[in-house]
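The following pair of complexes shares a single chain, subunit A, combined with subunit B in the former and subunit C in the latter.
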Partner chain A sequence: MMTSALTLLYLLKYLRENNPINSIKMKYTIYTIAFCIVTSIGFAQDADAIVGVWKPSNGKVYVKIDKIDDKYYGKIVWLKEPNDPETGKPKTDKNNPDESMQDVPLRGYRMLKDFEYKGDGVWEEGTIYDPQNGTTYDCVINLKDENTLNIRGYVGLKTFGRTDTWKRLQKKT
Partner chain B sequence: MRMILSIHYIFVLVLLGSFQFSLAQDDGEEEEDYSIYDDFEVVDDSPVKNFAKPTISGMSPQKFLSIAFDAQMPYRYEFSDVRFPQSNPGSGYDVEEENPTINETGRAEFTGGFRFGSNIPIISKSSFVWQSGINYMDTRYNISESLNSPRQPVTLPDGTQARSLSRILNEDGLRNLNWTNTFFFPLNAKDFIVFQGQMDLSGNYDLDAFQPLNTIRYSAAAVYGRRVNDYYRWGIGISRTYRAGNLNYIPVIMYDWTSKSRKWGTEILFPARAYVRYKVNKSALLLAGFDFEGHSYRIEDYSVDGNSFEIRRGEVRPKIEFQTKLVGYFWLSVQAGYRWNWSFDADQLDGNNDFFRGFFGDQQFAMVNNLDNPFFFNVGINFVSP
Partner chain C sequence: MKFFFKYLLICQITVLVFSCSVETETHTVKTPVLELKSTGPLFQGPNTATATWEYKVQDLFPELANGIRIENARVSTIKIIPKTGVDYPKLGKVVMEIKPKNNGMTRIGLLETNFDNSKANSLNVAQIQEDFKKAIKGEKLTFVADFDLLEEDYYDDLSFDLIVSFKIFTRK
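Right after this comes the complex of A and B.
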């Protein structure tokens, strides 16, 4: 945000110092730059609308979605039952088909991976992992409104899947 | 002037680039204090409703698409003579049920064919699931009639002769085309209702010459269930079904359970099916139990005077089934078991209208048939849900 503010300030300063603008080419250049800035700010803000903490419909976990290198990832940050009732120890990813992962704690586990923003409130190209059965599904995320996500995990074709609704969480005020 | 403008232009582009780069910065993987999330609440004030999932942990994978080949081993059969309403007007068909007059005998060397099934999610949300599927079951016969069979030709009410049932089965076989829709309505996090409706077109028709659509038979079931936890659910309901061959209204019991170790479980939707499940490993499982399947097959040759003559075919199949993953979401299933004939009798339905005999009704049959019980095998490939 700092750099965007700097950019805008510089543009305004440039416009003020060179006013009136006589050259049509100059006008075109400035409008193009302004358009790039405005649209990139808007696109980035739309893309980041997914960032935050979310609660799936079953209410068993909270998932925090972050942006890392232009992609979006979600990790489990809270569990309704943090401990395994059989062992009394923190739950691990015991259903993972990769045995080397079965001791990894579920809290902190990245269950959403590699989502890219495609515009119109849609994030695709990512996967969702279900710790209950150790299965990874293809996934598409739709932003229904600023506090609601529709997350669809599917197999191959989107029709072979199921949609869950997630609600945005915030710290209690 | 142009030089200065170019420098300004480049500077702005560099700033723009650095701005976009800053947006893409990694938030980092530093350790978090997860305890802060204990104090989070939903932003939206609208009530958040939790819904029961349509399955429990450890169940066998649901088949989205399947193709299978089913084959019964050879068995002997006895078919009674065929009676039409005119045989005894107003009082049924006058076939002696306990000791019918046997008109046809022989041996079915082969009974079976391809089965195609589908169960496609149309709407699949946490609050509602609708799955729809077209299913097709082809049953071909290879019959060796006894030397003296049929003892009497089958004579229609107008005096013309028709093919014997053995010959019809041998030449045409039986087909079932089915459209099933299943709706899952979770009421809350535990309670749910399942409604299933299906339409069946069954008979000795060819795919290029369907029988009249007013011979479609309708089945339905409604089950109220409770998903007690991730490992256990039960349900109870009522169904209108042709599984026994003829029309029946019978209760339905659902009982799905998985042990905490996930090794053992049950998958019961009685009377349609009931299995004990054993998980061999993550990619293979065994089911032991039974299927109860059946349809009412119209025999075109005997459907005269606006009536529908229908074979009430119902069979119980105690079996063992092995399912294993082939690749990805494609699984192989191999079944072996015993085909126990429940019914192969026939009714003639006035004006295509079905009637309810139930288990205790005394309406007379148009044919009373007997099939010996052979072993059967079934091999299929399924595209499944994980």
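Right after this comes the complex of A and C.
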């Protein structure tokens, strides 16, 4: 981002000194375009701040959040207890209301879906799935700092929900 | 007199039901062979591959000349085919999801056994599916496959052929 901003500043300086069209309108247009480019680069970088591997407060799983198309998704990449103690086999989504999907492995399960970045470290419009009861909740994610997320799952109104704090696995310094 | 009103009521309901029901015809629409690709390096455990299909709704129904009105759409088959001449690593179960341009991501299929590198793998299609009417109208679908890499790591990209078919019901 720093390099892009410097390049733009250099471009502006060059245009100011060499551009034969010296009207005020032209200058304002150039400044507006430059401002839009710089802000959009910044916005995209903020949006991707959520990307990485995160550990919920119970420490039972690691969730990797990445971007697919224009939205953010999180899937379970590690389980503290990967096998079902009853069967000894890898845990599956046995509480899924759709019986045909109850054999989906929990490792690799996409539990966060369809999050859109709304600015100010907030991702909304997504859902979180709780494999323990097979229920999907509406969800909002807040980036508290670059290594901490507040994940709030709720039903209907944000007031009726529960917040969990997730920590980044590999801390950014 | 009582029977007459009862009869009249039944007739009215029947007329109402028939006038509201929509006559549809079923079309099977198949994607072209899509490239389902996962960018390496890949590590043991869950990995993701994606394929995107962009199309024009009009092109899906060349036989329908007068305006297309989609009433319902469902995924009917999902096939992942290994490319010939590629030395694939050992892969486990595969979960397939669909991400329409205008809607959220939904799970559509599961390969319950380990992936067979020597033949086309047909996934079990989800019994409970949402109506993909809106998704089809969006003219862009991204297929997202999550698969388990059973070997330690694989330092190359991994590509498969993917064919998905839909049952689409249009208004007559």
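Everything below uses one rule, namely that the second predicted complex is superposed on the first by the 150 of 173 C-alpha atoms of A that agree within 3 Å, B and C clash if a C-alpha of one lies under 4 Å from a C-alpha of the other, contacts with A are read in each partner's own complex, and residues count from 1 in each chain.
Rule of thumb we're sticking to: a contact is a pair of C-beta atoms (placed from the backbone, for glycine too) under 8 Å apart; a residue touches a chain by one contact, two chains touch by 3 or more.
Remember, it's a predicted structure, so these values are computed and weren't measured experimentally.
Once chain A of one complex is fitted onto chain A of the other, the partner contacts of A:Lys67 are limited to subunit B, with no touch recorded for subunit C. In the superposition on chain A, A:Thr127 contacts subunit C only, with no contact to subunit B. When the two structures are aligned on the shared chain, A:Phe160 is found in touch with subunit B, with no touch to subunit C.
Of the two partner chains placed by the overlay, only subunit C lies in contact with A:Lys113; subunit B stays clear of it.
By the document's definition of touching, of the two partners only subunit B reaches A:Tyr137; subunit C does not.
Of the two partner chains placed by the overlay, only subunit B lies in contact with A:Lys55; subunit C stays clear of it.
In the superposed model, A:Val77 makes contact with both subunit B and subunit C. Within the superposed three-chain model, A:Val104 lies in touch with subunit C and out of touch with subunit B [touch as defined at top]. Taking subunit A as the reference chain, the count of touched residues is higher for B when subunit B and subunit C are set side by side. Applying the stated touch rule to the two superposed structures, the overlap between the subunit B and subunit C interfaces on subunit A comprises residues 66, 68-69, 77-78, 97, 107-108. Put simply, subunit A touches subunit C in their complex at residues 66, 68-69, 71, 73, 75-78, 97-101, 103-105, 107-110, 113-114, 127. Against subunit B, the residues of subunit A that register as touching in their complex are 1-4, 6-7, 10-11, 14, 26, 29, 33, 36-37, 40, 44, 48, 53, 55, 57-59, 62, 64, 66-70, 77-78, 86, 97, 107-108, 130, 132-135, 137, 147-148, 155-156, 159-165, 167-172. Subunit C contributes residues 45-46, 48, 50, 92-93, 95, 97, 99, 101, 104-105, 107, 110, 112, 124-128, 142, 144, 146-148 to its touches with subunit A in the complex.
Within the complex, the subunit B residues that touch subunit A are 5, 8-9, 11-13, 15-16, 18-20, 22-24, 26-27, 32, 34, 36-44, 48-51, 53, 57, 64, 120-122, 124-127, 129, 189, 230, 260, 282, 329, 383, 385-386.
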